[in-house]
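Got some structures for you, see below.
One chain, chain A, appears in both complexes that follow, with chain B as partner in the first and chain C in the second.
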Partner chain A sequence: MHIPPPLVSLARTLGSLRLTVYLLVAAVFLVFFGTLDQVRIGIQAAQAIYFESLIAFWHYPEDWPLGQLLNWFPVPVPGGYLIGPLLAVNLVLSHIRHFKFKWRLLGISVIHFGVLMLLVGQLMTNLLQKEDYMWLDEGETANAVRSFHKDEVYLTRHADDGTVGVYSFPFSELEEGNSLPKNPFPFEVRVAKVFGNAEIQSLGSAPGASRHGVDRGIGAQFNLGVKERSSFRSDDQRDVRTAVLEISKNGQRIGTWLVSNVFEERFPEQSFSLEGRRYDVGLRYRKTFLPFSLTLLEFNHDRYPGTNIPENFSSRVRVEHTETGETQEVMIFMNNPLRYEGFTFYQASFAKQDTASMFQVVRNPGWLMPYIACTLVSVGLLYQFGWIAYRSIRRTSS
Partner chain B sequence: MPHNILKPLLITSLCGLFALAFSGCGESEPEYVEVREAQPAAEDPHAGHDHPPGEHPEEPEGDTGALAFTYEAPAGWNEQSPSSMKLLSLAIGSPPELVSELSVSAFPGDVGGQLANINRWRRQVGLGPISEEAAADFIQDVTVSDIEGWQVDFTGPEGSGENGGAARVVTTAVFQDGQTWFFKLVGNDAALEDELENYDAFLKSVSF
Partner chain C sequence: MKRLATILLWLIALVIVWPVFKPVFQKTESPVEHLGQLPVLEEGRIKPLDSVARHNLLQFRGKQSIRTDSGKVTAIEWLTDLLLDREAAHTLPVFRIDHPNIVGLLGHEAGTRKYFSYREMEPHLPRIQDQARSVDPDTDQWSAYERAINQLFGNLIQYQILTQTVYPLGLRSPVGSFYHSASDSLQKAAEVMASNGAGASALRRHVQQVEDMAQSPLFLLYEDGQWRNPGQVLQEAATADEAFPSELHTLANLSQARRDGDRDSFAVQVEALHAEAPRDIEDNPGTEYYFNQSQPFVVSLILYVFIILLVFLGWQFSPRIFLGPAYGILLLALAVHTYGLILRVIITGYAPVTNLYSSAVFVGWMAVILSAVFEYFQRKGVGSLAAAVVGFLSLLVAHHLGDSGDTMEKMRAVLNSNFWLSTHVITITMGYGATFLAGFLGIIYILYGWFRRGLSKEMQKSFHRMIFGATCFALLFSFVGTVLGGIWADQSWGRFWGWDPKENGALMIVLWTTMMIHALRCGMIQTRGLVNLAIGANIITAWSWFGTNMLGVGLHSYGFMDSAFFWLVLFWLSQFAFIVAEWLFPVRLKPASL
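Up next, the complex of A and B:
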């Protein structure tokens, strides 16, 4: 088969050891600058800007010596989504180029395959992993988890039989002027205004804030004004995500609501009636319903005798599958998570004088890959060193 | 096409393909599910607090953790069930008399900054916000468990508290183990005045 010379040359470049070294050096720079900026902008932002991008630009901090002079100059840093895939391609191409089956080199191939799997696994984790949390008081039951970072606009319809139809749409995808897509309810919701982070206060005491046409719900009742503010970019403070939603049916406006992720914990639902049905509208930390429920039976916080130093945290929970009715009791403690239906529940925190427990809930379809990859690398290393030892012993004995 | 142009072109295209591949991995789809009526426990235990709207971040939800200090409660101060935001809550007095409260909470970092907290407490007792310079006049240095901290004391106008009295808040904040610890005494001015000595004694008894 004839391969065009430019392609051969490209494959050689992409599979060269020189590129491997360049990429590893670039990875060192990426980690260095990403970590520097993480102090300023927080883990989430640093991860998005540096590790989940093709290229990032680092600016010398203004408060460092000569900061005023050097801050304007953007230092380009190759991003994680550039380095990672290129490393994977580099590894594969170099293997294709140099691979010759020999028993004495089999270990190296296995090691490389393990490393490749690690790279692919990391990428899968990055793209597919979801991290949420669940708070439970002792004796309470929950069937939903909440997001640490993501928010959603939601609409609910209450049926007479106790079921609730829940429509949700990611906050990050809201666009001013657009309607919520695929809304199953008999009315239209137009996004009039979106605030990535907002200041919400009584209109009288908030210079610069505006009502944005809100005439229904909490915003109207408490005469609230809203103004945009820059993101906190903090790991400790969540941005006050806010939107103004205009609801209408067949062109007839029903009303305009102010929704915000700070309302949920302070006010009752914002509801309205239409054609004899009750509907709620709001914005909240993304809520994911589970096909099962969890009941916290008991939380234990063991301390070393005579001290306040924690020895162990554990939660005894009952898991009940909604459809099958299957029930089981499980103990969740440090390094011993509950894995169920693709969700992993880690003991993460506690409150209310040791009567409430928080679980970090992780969904990662690729969670097994790092384990398999590390096993492959270990086996490869053992094989390779074993082979060398075997040959060395044979040579010595002969 | 010259060989030396084609190669960088192909590399650029490859990078573009990566970008395209990853840009499609967002969560842009709306969802619709039908569930049973939500159970209360599915909500945050942080729900139901009647903070005024607009100043969410000053007491962000966070890992409130265990009570990492020891203390001695003055006579007549009775421990009550804490909420998720309060690690410790002591009721002072008993109904039908007015009840004051001492609560302790801890949050990571500086919880929105000193001025934001001061203005929030002022608002709680019916006072308006103040500037950083003005706030400095109200801040007193204190020491709790050999840790340097600060204290403010605000009394609102008549009618801001229960039964037409004046509301008052005394808060001491110290930074320990990466968290800001708040010791907050809240109640009517007349009742709190008599408890200030006990409050000082309580703070002296605190040991991290």
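Up next, the complex of A and C:
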């Protein structure tokens, strides 16, 4: 097969060790600047801007010495989605070019295969991992988890027999002016307004805020005004995601509602009736239903005697599978999560004088990848450096 | 000549090591020292009273003893007075004040005094409290003065709480009679105070005094399987309607003996307290007491300095006389260092690295081992020198990190796992040790080349091999350590990698050392490049080890240190300076000798 010469030379460059060196240096700078900016914008935002992008720009912080002078200049930093794939290609190509089977070089292949697997595994985790949480009071049972960062618009229909039908749509995909797609209920929901982060106050006291045509529900009842504000960009404080939804049937407007992720804890559901059925409409932290339920039997917060230093947090829970009815009792404590049906529950927090417990709930289909990859790399490194040490010692003693 | 020198050098080394063994042979001790061995509970940990004394004095004063005009006062002598004969302790200069404005606040010219006694501070307490309270609630915004005044205020509060462990402030009567009358008052308190009858105000005062005593974090007494401070014992004795507890008798007599200066009676009471102490406990207060006395890390630090000196002497005058003993004494220093680490493990029951302090001790230990192996194969003094330099510097860093108090504290919940402490934390720290060793070998290479006016080809090769070897170790341990950290995170938070600053720091070491090995492999760099990149790795490792903790972000931000930041920046600048200087004045190769 004939390969055109430019392609060959491109492959040569992409597979060269020099490129590896440059990429690794670039990666060091990326990680350094990404870490520095975590102080300003938080871990979550820095991850998106630096590690999950092609290129990022770092600005010298204003509150450092000479900050006023240097802050304007954007320092370009190659992003994680640029360096990662390039490293992967570099690694594969240079192996194709240099690979020779020799026992003393076997370690190198193993190491690099493991590194490749790590890169792919990290990408898979980025794309597939979902992180949620669940709060439980002692004695309480729940069968759904909530998202840390994502929100959703939802509609609930209450049937006469007590069953409910639920429709939800991710907040991040809402578009102003469009209707919610694939809505199974006999009415239309048009997204009139979307606020990535909002300030909600009563209309009289908030300059610059507006009603946005809301005439039903909590917004109308308390005469609320809304105005856009910039994201908190914080790991501790969640943005107040808000939307104005206009509901109509056959072109006939039923009403306009204000929905926000801060309403759920403070107000009852916003409902309306249509054709003899009750419907709820709202915006909430994304809710995912589990094929099983969890009951918190007991939460324990052990301290070292005579102090407030925590020694251990543990939750005794009962897991009941919805379909099979199988139940089991489990202890979840620090460094000892519960893995069940693809979900992993971690002891994360507590409240209410040690009677409520929070679990972090993670789904990551690729969770085993890094374990395997790392074992490969570690074994490879040991093997290879073992060779080097052996040769070096033999040389010195001869 | 050579034999004589060797014997002499070893004699000096043994004199340096003697303090480690002295406490074993020297059994005679004063009653106060015996009191120092009493096991007590503080900060959730059973330790000898001597440790409580040292840690508090360190926190207040930055030193483990007090120098006065009339001589040296040990920590336990000071604490004994603070607990039993407060007036004597109040006049000792135990508070260190560095900030000139605070010194001024106390009515002294800045720069003239550094240490102040409680007696001197007392009139200024209200003003100190005012100043400390009138600060921004956000501690990140504090100025150096605000931090200093708050630290001082906190220390004064702790001093006051501690001194009320055995008897309340402002007590005029003997401790024994106070215990009895307070105990009576507590028993009657409920009924009398309800009726608001005669003597209610005296009762209230007693109740308040005992409550103040019960605030003490120092649990001196052990009763029915529970640790109690004297205030709690008084309260419980009153509610349970029991006979007056005997250990309070002992304590009251002890205090009286101390005030009267009655040594014999004091010794008898200390003996009685020991008799009441619990017998079968898991902790090792006895070992800890010995550890406090013998200070193995200080001894190995001094030995490392001695070794540095020997190697210099060897290179300058006679390798034959000095380099052999230098290597031998290095092994001795390593043994003492190791001994200290083992004692810490026995005392705490944790793996050797549990905080920044112990990580510094361990970084040095690792580098010394690795470097001693290099020296074994190539006896040129380079390995000994690198080992001694890294060992000395890391123990010095550890010494300053340990200034804040107890370094054997109990581990918070998520860290309370010996499995992960002994795998992830240890390997990561070994990685730090190996990168520092490579970096300092680089610095030694440069200095050696400059001062000897060039290197022989053979010497250069041996440097190259050592730096490369250390870098390989660094990569291996940093990688494995980082990965184990990921697995730990996956076990406890459900994510293998979270871009936490400390994780990122470790990743930077892995990336950098990987880069070094690849650059060597493709011929982009030779020995000179290797040397400079290894020094660059020092910068990255220091960032990873300390810098990331100072950001105040993420899960690993344990221990923000202001003054440490200054030293960190200084270290970075010095490393840059070496790289730049080597670039300006390259190390030359000596032509092969004929």
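What we mean here is this: the second predicted complex is superposed on the first by the 373 of 398 C-alpha atoms of A that agree within 3 Å, B and C clash if a C-alpha of one lies under 4 Å from a C-alpha of the other, contacts with A are read in each partner's own complex, and residues count from 1 in each chain.
By our rule, a residue touches a chain if its C-beta (ideal position, glycine included) is under 8 Å from a C-beta of that chain, and two chains touch if they have at least 3 such contacts.
Nothing here was measured: the structure is a model prediction, and the numbers come from that model.
When the shared chain is aligned, chain B comes close enough to touch A:289, but chain C does not. Applying the stated contact rule after C-alpha superposition, one finds that A:310 touches each of chain B and chain C. In the superposition on chain A, contact of A:328 is made with neither chain B nor chain C. Once the two complexes are overlaid on the shared chain, A:360 sits against chain C while remaining clear of chain B.
Using the contact criterion defined above for the overlaid structures, shared-chain residue A:21 touches chain C, although it does not reach chain B.
By the touch criterion defined above, A:122 reaches chain C but does not reach chain B. When the shared chain is aligned, chain B comes close enough to touch A:240, but chain C does not. Legend: residue contacts after superposition of the two complexes on their common chain; A:388 is shown touching chain C, with no touch to chain B. Contact with chain B, but none with chain C, is seen for A:13 once the two complexes are overlaid on the shared chain.
310 are the residues of chain A that lie in the contact sets of both chain B and chain C, per the superposition on chain A. Against chain A, in their complex, chain B makes its touches with residues 3, 6-7, 10-11, 14-15, 18-19, 22, 25-28, 30-51, 53-57, 60, 62-68, 81-84, 87-88, 107-109, 111-112.
The residues of chain A lying in touch with chain B in their complex are 5-7, 9-10, 13-14, 52, 54, 81-82, 85, 89, 127-128, 135-137, 140-144, 146, 150, 158, 162-170, 172-173, 180-184, 199-202, 206, 218, 222, 224, 232, 234, 236-238, 240, 262-267, 287, 289, 293, 301, 308, 310, 349-354, 356, 358. Against chain C, the residues of chain A that register as touching in their complex are 16-18, 20-21, 24-25, 27-28, 31-32, 34-36, 38-39, 42-43, 46-47, 51, 121-122, 125, 129, 131, 303-307, 309-313, 334-337, 344, 346, 348, 360-362, 364, 367, 370-371, 374, 377-378, 381-382, 385, 388-389, 392-393, 396-397. On chain C, the positions that touch chain A within their shared complex are 41-45, 217, 219, 227, 377-378, 409-410, 412-414, 416-417, 420, 465, 469, 472-473, 475-476, 479-480, 483, 486-488, 490-501, 504-505, 507-508, 511-512, 514-515, 518-519, 521-522, 524, 540, 543, 548, 551-554.
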